[in-house]
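Okay, handing you the structure first.
Chain nomenclature is as follows: A, B, C and D, assigned in order of appearance, with residue numbering initiated at 1 for each chain independently.
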Amino acid sequence: MAMKKFLNDPSNITKELLEGMTACYSNKVKLVNEKIVVRATPKCDCKVAIVSLGGTGHEPAISGFVGEGMLDASVAGDIFAAPGAPKLLEALRLFKREAGIILVTLNHAGDRMSANKALRDAQKEGIKVMEIVTQEDISAGIDIDPEEKRGLGGCIPLYKVIGAAAEQGKSLEEIYELGQRFNKQMATLAVAMTGCTHPQNGGVIAVLPEDEMEIGMGQHGEAGGGRSKILTADETAAKMIAPLMQATGVKAGDSAMLIVNGVGATTLMEMFVVYRKAAGLLAEKGVKTVPGICDELLTVQEMAGFQMILCKLDPDHVELMKATANSPYWTVV
Amino acid sequence: MAMKKFLNDPSNITKELLEGMTACYSNKVKLVNEKIVVRATPKCDCKVAIVSLGGTGHEPAISGFVGEGMLDASVAGDIFAAPGAPKLLEALRLFKREAGIILVTLNHAGDRMSANKALRDAQKEGIKVMEIVTQEDISAGIDIDPEEKRGLGGCIPLYKVIGAAAEQGKSLEEIYELGQRFNKQMATLAVAMTGCTHPQNGGVIAVLPEDEMEIGMGQHGEAGGGRSKILTADETAAKMIAPLMQATGVKAGDSAMLIVNGVGATTLMEMFVVYRKAAGLLAEKGVKTVPGICDELLTVQEMAGFQMILCKLDPDHVELMKATANSPYWTVV
Amino acid sequence: MLTLQKFKEMMVAAGVDIRASEKHFSELDAASGGDGDHGTAIVTAFNAMDKVTEAGCFKRYLKALTDTLQNEACGSTSTLYGSWLQGMSDAAPEKVTELDAPAVATLFKGGLEEIGFTTKARVGDKTLMDALIPATEALCAAAGSGVPAMFKAGAEAAQKGSEATRAMRAKFGRAKNLGERSIGPVDAGSASMATIFTSFAKAF
Amino acid sequence: MLTLQKFKEMMVAAGVDIRASEKHFSELDAASGGDGDHGTAIVTAFNAMDKVTEAGCFKRYLKALTDTLQNEACGSTSTLYGSWLQGMSDAAPEKVTELDAPAVATLFKGGLEEIGFTTKARVGDKTLMDALIPATEALCAAAGSGVPAMFKAGAEAAQKGSEATRAMRAKFGRAKNLGERSIGPVDAGSASMATIFTSFAKAF
């Protein structure tokens, strides 16, 4: 069966998509060194730079969040594959500065190995960089070793918070502290209903039976563990928000941000229905939700499903969420 | 086969999705009279109001474009069904004002019939309203009677232009003039690769053979006419941009905006690849593209495909595109 | 004679038959290149009309149907059926609960006239008008033979009109861009309209 | 003796065999709960290495392979194979184009040591280490029997190690969240590693 995707030579996908994105949003981003997306207008190098890395095929993430008040650079690998260490090192060199760099790494084997190698090399070259690793997928358990938790869409609100802090001129240590605090107070759970097609090899990833869904699906269709018959939107929302509340520890009076991150084919219509129920359950418990997001942020090709991301917010995080942002896919006036 | 969607009672979808959207973006929009989405903070009634109507199931459209610098209200019907005339009349009453109202209607039978009826009734009540009908789908031909052309995603950039003009305090006649001028200079062409499922009755709309795509597909999976074997992204882009250029009449030196509106399952990755080629072809002809959009704006459930929208811009349109906007799904800093 | 009570029973009967064919109407809509929801739309319309409790007279009952339907139904059905019922209500004499054959003809003539202002579609355009126009004409032509014969004639003409849409190209509604490929299936709206006239005849 | 020329031929042979099984490796990746791209990744790596023209000596050839691979390949493969080749390059004596059996053992020992710094995975964790560790050990243990015997022993051990991953639960990489359900299929990375050792043995 022919793959139902609009593509040219599969080995050029990453190159072409980055060219397309930067052509479309030419007022916000540009492409340098083939795989590094940076702001069209760089911010003052007196401020801390925020850099992140990741595979492609998850658009708009990660490059779509480069811009004022968000990332300074994203380093792209290839479809579902982290960039190699040399490319990441190149990016760190580009942003070498007194103020320092925060590198955000999602906890996946490939990303971690590239980051570790690049960080060792950067250190040798005297590049000042602190790493924040996101590991917020609670599908394998809430109280397990963070090293066992994958990084899913929670990196995106993290970019927002630390990006805003960097824009305000906060120091490397301050940003690291408030970023880690944010990082530890967020949790994500994913659910899938269909598999997806790998755009380079046409292989189908994560086939699910016709009447089943799976809570706990990973960022690339990797299986999770919570298969069940298809539940209603409200049942699904309830089943996901409960462990997320437990994991983040939100309680009455706390502020929180709820994000429903569509991973592909699931419509915004459905995401709104799910959001409504989950937000209602938070409200029932007395949690104050700040304006959230229903949108595709970090996707898994055309897979049907979504990630529910819950972030417990401290007062400084609430303020940073409101700060101006101007990336292609997260804009705050 | 069970429908692979996150839903509750199918007859409540519209209600629940509107509640979810307005809960999520509570700082921007709110729901009144069950089916009318208005701004959280209304603009001064000394300014012209912009109202539009349409069926649901196309999220984020239309309600996701209510906000500062965009729509004042959207009137929702039900899945793929325009609101009835009484609901639209209610909305027109809510925005009755000296400055007047612009009503944007997409050219679909149901929408037109509701709008015609509501406009007749509004006139009797002394509500000042001028209608702009979008009819920019060139799939049935370029030079045919506009009444034969459907309204597709081109309404969204139109909202931006006239929304910005209204925010600046322009008069009803001025807004109507620049809106119609914009309207007549834009064109849309859609392509689909898969059908979609109607979320209320589970029926499959527009089945396509495994190895075929169709250029000219309508807003609800209605068939178009241009079936072919699956083409590459570049071939598809070239095949679509050529008639769009002809229809809009863009030529060397003109400014234009290019939008790739994903209708459902097609990934942003693919849209970028397509955008890159189409923008390249425009550049080859000497057309100056302003920053565009690759995103899901007006969708057709989980259908794989996209709409390519080309807008020839006059200098005033270029400026209006840059003005601040703050709706949930179109934000300009 | 057509009593208001009987007419209400006919509406209930039509609702039952419409619901029984819901899926079929949606499939016809999709098959001829529409958006596959006509069954959903027409059932929603009948569900709305079922809520009407108004019992005063033909005029007020039909007006109540019009308002409820237009408020609760969406899409083309809302305005088309809204106009049809509105036209009948307008044509109904004041405060009457029984209609003789000529008055029934006037009622349906009024409905057709009003819907004709809402849409430009006529016979041959592959819409519900292909059932409604001949049905109304046959029903009126049979006025001399009494009310039962009128509904019988209406039902036959509606079914024939709907069948004839198979060979037509859609020129209105969502299916119009399909061109040649819309030829083949019966138009969804004409099918539901024919069902309504058939139910009317059976229930009388 | 292993000449640089022969080693290059072995690399080319491995590339041919790896390409022939590309789809198989991706399927194994998906089957055990990974993201279904290991074939794509490992072929990209060999395509990159094919571009290396450096011919000076083992050390420089292996360093060139490392750099090209790390620059062009992405994902886990980039860093894992990068470390392996880097370790071999570091262990190779300067300016040498022929290696005797003990020197070959030193080369592969160096590769294993370096990759061991990059990942904590060891035998039993259902990764490429399940092929690489026993292969390296068997290859080194056979050093007394000459180079051909070394590669033969390496190939056998790699295949056996890879086969053994069937019964294992993934603890590293993308498949790790699958738990029990990762039991059954062979680990993709171990399969490609076993293919490489088998190609080496055949091509020697």
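Basically, contacts are C-beta pairs under 8 Å (C-beta built on N, C-alpha and C of every residue); 3 or more make two chains touch, one makes a residue touch a chain.
None of these values were measured; they are calculated from a predicted model.
Contact with chain C and chain D alike is made by no chain in this entry. When each chain is reduced to the average of its Cα atoms, C sits farthest from chain A. One simple way to say how far apart two chains are is to compare their mean CA positions; for chain A and chain D this gives 32 Å.
Centre-to-centre, using mean CA coordinates, chain A is 53 Å away from chain C. Once the centre of each chain is set as its mean CA position, chain A and chain B turn out to be 28 Å apart. In terms of which chains touch, the assembly is arranged as an unbranched chain of neighbours.
By the document's touch criterion, interfaces exist between A-B, A-D, B-C. Of all residues in chain C, those touching chain B in their complex are 22-23, 26-27, 30, 33-37, 39-41, 44, 67, 69-80, 82-83, 118-119, 172-179, 181.
Note for the complex: chain A touches chain B at residues 1-2, 4-8, 13, 16-21, 23-28, 56-57, 59-60, 64, 68, 193-194, 199, 210-211, 213, 230, 232-234, 236, 258, 260, 264-276, 279-280, 291-296, 299, 301-302, 304, 306, 324-326, 329, 331-333. Across the complex, chain B meets chain C through its residues 11, 55, 77-87, 108-110, 113-114, 116-117, 137, 139-140, 148, 150, 198, 200-201, 203-206, 216, 218, 220-225.
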